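Chain lettering (A, B, C and D) follows the sequence in which the chains are written, and residue indices restart at 1 in each chain.
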Amino acid sequence: MDYATLLQILDSTIRLGTPLLLACLAGLYSERSGIFDIGLEGKMLAAAMASGAVAALTGNVWLGLLAGIAASMIFALIHGLASITFRGNQLISGVALNFVASGITVLIAQSLFGQGGRTPPLEGAARFNPITLPFAEQVQGVPVIGPLYYEVISGHPILAYIAFLAVPVTWWLLYRTRFGLRLRAVGENPAAVDTAGISVTGLRYAAVAITGLLCGIAGAYMATALQAGFGREMTAGRGYIALAALIFAKWRPWQALMATMLFGLFQALALRPDVIEGIAGIKIPSAALDALPYVLTVLALAGFVGKATPPRAGGEPYVKER
Amino acid sequence: MVEKTDVGRQATAAPSSYAIELKGISKAFGPVQANRDINIAVPRGTIHGIIGENGAGKSTLMSILYGFYKADAGEILINGTPTTIPDSQSAIRAGIGMVFQHFKLVQNFTVLENIVLGAEEGFALNTSLSKARKALADLSHEYELNVDPDAIIEDLSVGHQQRVEILKALYRQAEILILDEPTGVLTPAEADHLFRILASLKAQGKTIILITHKLREIMEATDHVSVMRRGTMVATVKTTDSSPEQLAELMVGRKVLLDVAKGPANPGPVVLSVENLRVQDEQKVERLKGVSFEIRAGEVLGIAGVAGNGQSELLAALGGIQKATGSVTLKGQPLPLSGPGADGRTRREAGMGHIPEDRQLLGLIMDFTAWENSALGYHNAAKYQKNLLLMDNTAIRADTEAKMATFDVRPPIPSLAAKNFSGGNQQKIVVAREIESNPDILLIGQPTRGVDIGAIEFIHKQIIALRDAGKAILLVSVELDEILSLSDRIAVMFDGQLMGFRDPETTNERELGLLMAGVTDTSKPDAGKAA
Amino acid sequence: MAKLPRWADLALVPLISLVLAALVSAIVLVLIGQSPMQALSVMVDGALGSASGWGYTLYYATSFIFTGLGVTIAFHAGLFNIGGEGQAQLGGLGVALACLFLPWPHWTVALVGASLAAALFGAAWAAIPAWLQAKRGSHIVITTIMFNYIAAALLIYILGEILRPVGSMDPASARFPAELGLPHFHEMPILRDFFLKYGPDGAVKLSAQGLPVYSRVPANITFFLSLIAAFGVWVLLWHTRLGYEMRAFGKQEKAARYAGISAFKIIMVAMLLSGALSGLMAINNVMGQAERLLQNSAEGAGFIGIAVALMGRNHPLGVVLAAVLFGFLYQGGAALGLNTSIPIELRTVVQGLVILFTGALDYMVRIMLTWVFSLRQTERAA
Amino acid sequence: EPALIFDLGGKFDKSFNEAAFNGAEKWAKETGGTYKELEMQSEAQREQALRQLAESGANPIVMTGFAFGDVLNTVAPDYPDTKFAIIDMVVEQPNVKSVVFKEEEGSYLVGIMAAKASKTGTVGFVGGMDIPLIRKFGCGFAEGVKSVNPDAKIIAGFTGTTPAAWNDPVKAAEIAKGEKAQGADVIFAAAGQSGLGVLQAAADEGILSVGVDSNQNHLHPGSVLTSMLKRVDVAVYDAFKEGENLTPGINVLGLANEGVGYAMDENNEKLVTPEMKEAVDAAAGKIKSGELVVHDYMADNTCPAVAF
């Protein structure tokens, strides 16, 4: 494999890994607060549809982004209502909302545009276009580093940079702020938070709302940056891969970056059978690469690659009085 | 700031020497009336003890004071000022700190993080942490509460975890400190240390409420003591004016000693022999520290003791629910204590019955009907099978109906769910199941907890009848009169060990009470009083 | 919270949930400018209005009964098996292998053999998550989700690279031998009379050979198998020791341990049975209908099983009723797609809402009901 | 009343299915007639859809896509009075008309244009589902490229092996970007709706693309070099027009009977030089006359011009 191919694959990895990263960080907030969320997929999908539709209608991608975030937030709040206020089963709520999102996005897009559940193709200001980072053109000629900077690091839409920025921000928020301390505590032992005089409900709703925000960006990235419009089921299971990455990352931000980029790399490689064949020397079915993130996650869950211990209070509604 | 306005208001109000006054506090959990019209006043700068049987409502009362639960009725005065405490934040602001019976610590946080949680200053954590680190060093020094601020909670011993809880309260500048059964989990040395700390806190003018089951601690440490029974406050006395005996009486109530018509025991061969039984809990704390005894056919061995001294672990280990080490033989056959065969099914097949302490958690499946519950553990029995494949539900139902008649379960409806029976009748379902299975040895835990007097008498008669039928019985109870009236031999359990055996004919409640509090030298007339 | 009467808990709660789901769906329809009443009438007409509509409704219901029972049996043991989809796909693989590579003398024997294969493959796919849960505490919900994806990838590979006949472009297996075709409703004596076709003159339509013509429907003999399975699950859960132990374990793990019930055994057995039931649905769609293995053959029925089990209150009878309801929803949804401009995805929305209201917002529904009941009581008292 | 069933890509895929839709619309406009239409959502629905339409009295029933072949084979005999037409697949039943195209011929022509437009000497091909039918496009394209530049490099990729491959523009775009990174500056997409991702990626990356089935030149004016036309619209239009008298049998549409071709309009007139057009038209003439035979991948499942 030559350097150019490597760069192309890395470039592709970043593009494909970005929505995973955003969704994975989204899940991190919710699950760290003790609310399991297998509804990342649905939130992303809803956001993709809303952002694509509004961007198509207004021609303004920023309005689209806002709409995507709003749609995702609505789903997040319903999940919060079910799992925080009404102490419902968080897993079932997540499954249910995924179904609702899968159907309702097509219903709405079809009624708005009549194009088989797709939005019209987005162009110009209705889309997040790649941005060239400073000096990218100038340093292009510098050996090794130059092409890396130009091809891989530069030239992504703004949302991708936001996603990468979200990693240190999340880390800082989680480990260096009051909010993070409380968030981590409420996912481990809500009674400790409660007796310390902090509202468990408030914290959990805040976490779920952040999840909605990040899933909203992830969905908008799919529809208005990676692609030029929404198509039915366009998230194609990325929410579940993000969930897998979250487990694989053991609910930590930097590891989430690693895991999502690893899974993004798998996706990028699956598109380059020639490269894999070149490296491995044998033809590896692309289905095997598609399945790899899931297999790795099962191994992580089984404790074969370090024990993945979820937040202790995860999945359980906080009930004080029986 | 909040404290200032409080002080200001207090100046105009009648100055009060009470740090806390509770007036008419009531609290129900669904059908359970945990607190009923409680009144209590705690003078500032004193240590106030609260004692009471399990489930008397002590923790509930304190949780209300700390804003964890909301009272259904009643009033709280802090330093003479009526104060509403809707949540713990308000309690903390009012200067109250609480160390819960079950610690409220985040297990994978450091000590420092736990202490800062909820009392952070500003959004960024670093300043809070470094400030807390300094304050913590001062507090540790002042009260001899040494803990490594960077240690992870789950790596700490229970005693150290408790120190963290106390430090948490002190860091929030608590003037009133509530400790709910703080010594239940401590070694004697740790407990001594705790009481030294409490003394120095008191010397600083802080007010302390101490919940405990151990009379020795009450006598040693407190100024006043309140006694609770079944959700009500029965008395508050000055500690120096009372004695352990009097308190024990108040706690249990002036119950008529039920006279169980019981002939002399006719002990036969040894049925169960236990040698050096040891149990570790999940935190690797040794809860049973080498227990040995024998029970013969036709005798009742009573185990007295305050809850939490290893009785539950003893029953669980014998009943095959908990892993243990040591050796146990039943009718000469060794019983596996861990690994395959260490389960309830094998025990039952070997002839061991088990009435568990907690009927609602272990003994019954609350959503199952009475008839389903009456087969629990015996569902493999041949008499309950129609053929190789199917269970004979009709037979179980008929059997249950018969048992319900014999044991006077009300209402005698086999298809009613267990949760819809009253506590006493739930217990009768369990007792009927285990006794009617005709075991060679029956383990019994708290057979009459929460059961009315009529039913108590009935259950007691059944136990004696079983003994007279030549069965061996291990009876664990926190009710001393129950132990005294049923047992042929009595052992007291304290801190995971048996404190020697007594003869019910020659011992008395006083002696047993002292043994239960860990006082072995019971010969001195005033033993147990503060030295 | 006050208690609801038993009948309200069993019947009213799911019913109200269903009404709520329908209401929200109606609101969605109005918002996208469609008429909910029209949608309902098209659905009722398409799914229940004709014998052939019923033939489809019951065909879908058959699959849902199996997957619903699969979820139910795991639920009773306190396990949430989300892996029905993957297990059903693997069941399909089992059916395909049995039908393609073994010489069966008659469809009856093949049915037994294929059922065994379907159950075996489905169970095998549930076995690893079950073992991981029992031995290593890996959360069964997450592992079964992962196994759904792994199953999909596996089937794509097997269908694309191994089972696809030479020269065929579909990622599908070859057709099974025609003799193995299962009898459909329109081919069964007596039953087929319902599916007679009538000409415009009202007379029975006759073929060129002078034989009566029947509407072909996909519902087949598997429907009766699914009813037998439902009965079997009922017997198992409430009339055998194993069922007793599973329910005890699912309700109160500690009490089950006190009773000497092995957690390992229950987790394994419950999941294997759950997987086997989900796998068995392949008899209906793969052997009974498509007569070859298609990619994505389960088509979401594994997930619908969750809704069916929740709606059916985890009782086999409830599961059968809920499965028919979802069969109606499915066939009615298809009719929507065929006859109106309402996208077929409406049924996905309804499905999601039913799961949401019955499974996650049941507490809310109960609070509402309790409130209504207490109102009624105070009224009566007044 | 005739009926039309679209395959999984959906009626608005701007490509294969949309071409069929356009044919039906043209018929409706010309005759004022109405027709039934149905979009496939899943594999297992096919049989039900066919039967329901047949039961409803629709005649003829036209379906797009080879995937209906197997099902039609079992359904058609049950409705001897109904006529069916299937596109892209041969089904030998007395009441079925099978329409197949010589995609290799049209692909050859756009291959010539691609080779002439390429500055790097490397061109790309992005197929949808990896099946012989799609390889047929790729093979014809490669032959056309090689006829101009025997040293040209042709990079081929597919979006998947299942019908989902028709509907995955994200993946298609990534493959196109990968091919661009390997030097391709003209990419031919034969991937149904997924092809939209290729066209988009080419526009984003500033290279040329070649559309397929319908005229896709307008999607990204100035970036789509041309489109390989597969006149599915004509096939549907003809079938509708024949109505109940549809003649069963196999109907092969190629260059000679205008069944395939390439698209020229104002969107790509600046991209196509007269020299290019000349070369293409010359080749078209030769093919029509039989002087030039383009290799049909499906004839022997091999391709001399490119390795897949």
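In the analysis below, a contact is a pair of C-beta atoms (placed from the backbone, for glycine too) under 8 Å apart; a residue touches a chain by one contact, two chains touch by 3 or more.
Every value quoted in this text rests on a predicted model; they were computed, and no experiment measured them.
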Of A-C and A-B, whichever chain pair has more C-beta contact pairs: A-C
Gap in Å, rounded to a whole number, between the CA centres of subunit D and subunit B: 78
Interchain centroid distance [CA atoms averaged], subunit A/subunit C, Å: 31
Separation of subunit B from subunit C, taking each centre as the mean of its C-alpha atoms, in whole Å: 48
Residues of subunit D engaged with two or more neighbouring chains: 39, 161
Where subunit A touches two or more other chains at once, by residue number: 117, 232, 287
Multi-chain contact sites of subunit B, meaning residues that touch two or more partners: none
Full enumeration of touching chain pairs: A-B, A-C, A-D, B-C, C-D
Contact footprint of subunit D on subunit A as seen in their complex: 4-5, 7-9, 11-12, 15-16, 115-118, 121, 130, 151, 222, 226-228, 231-234, 236, 268, 271-273, 286-287
Subunit B - residues contacting subunit C, complex: 319-321, 343-348, 354, 356, 361-368, 372, 375-377, 379-380, 385, 389-391, 393
Residues of subunit B touching subunit A in the complex: 29-30, 66-69, 87-92, 98, 100, 104-109, 113-114, 116-120, 122-126, 128, 168
Contacting residues of subunit A [partner subunit B, same complex]: 175-182, 184-185, 188-189, 191-199, 312, 320-322
Subunit A to subunit C touching residues, read off their complex: 38, 78, 81-83, 86-93, 95-104, 106-108, 110-111, 117, 232, 237, 240, 243-244, 247, 285, 287-288, 290-291, 294-295, 297-298, 301-303, 310
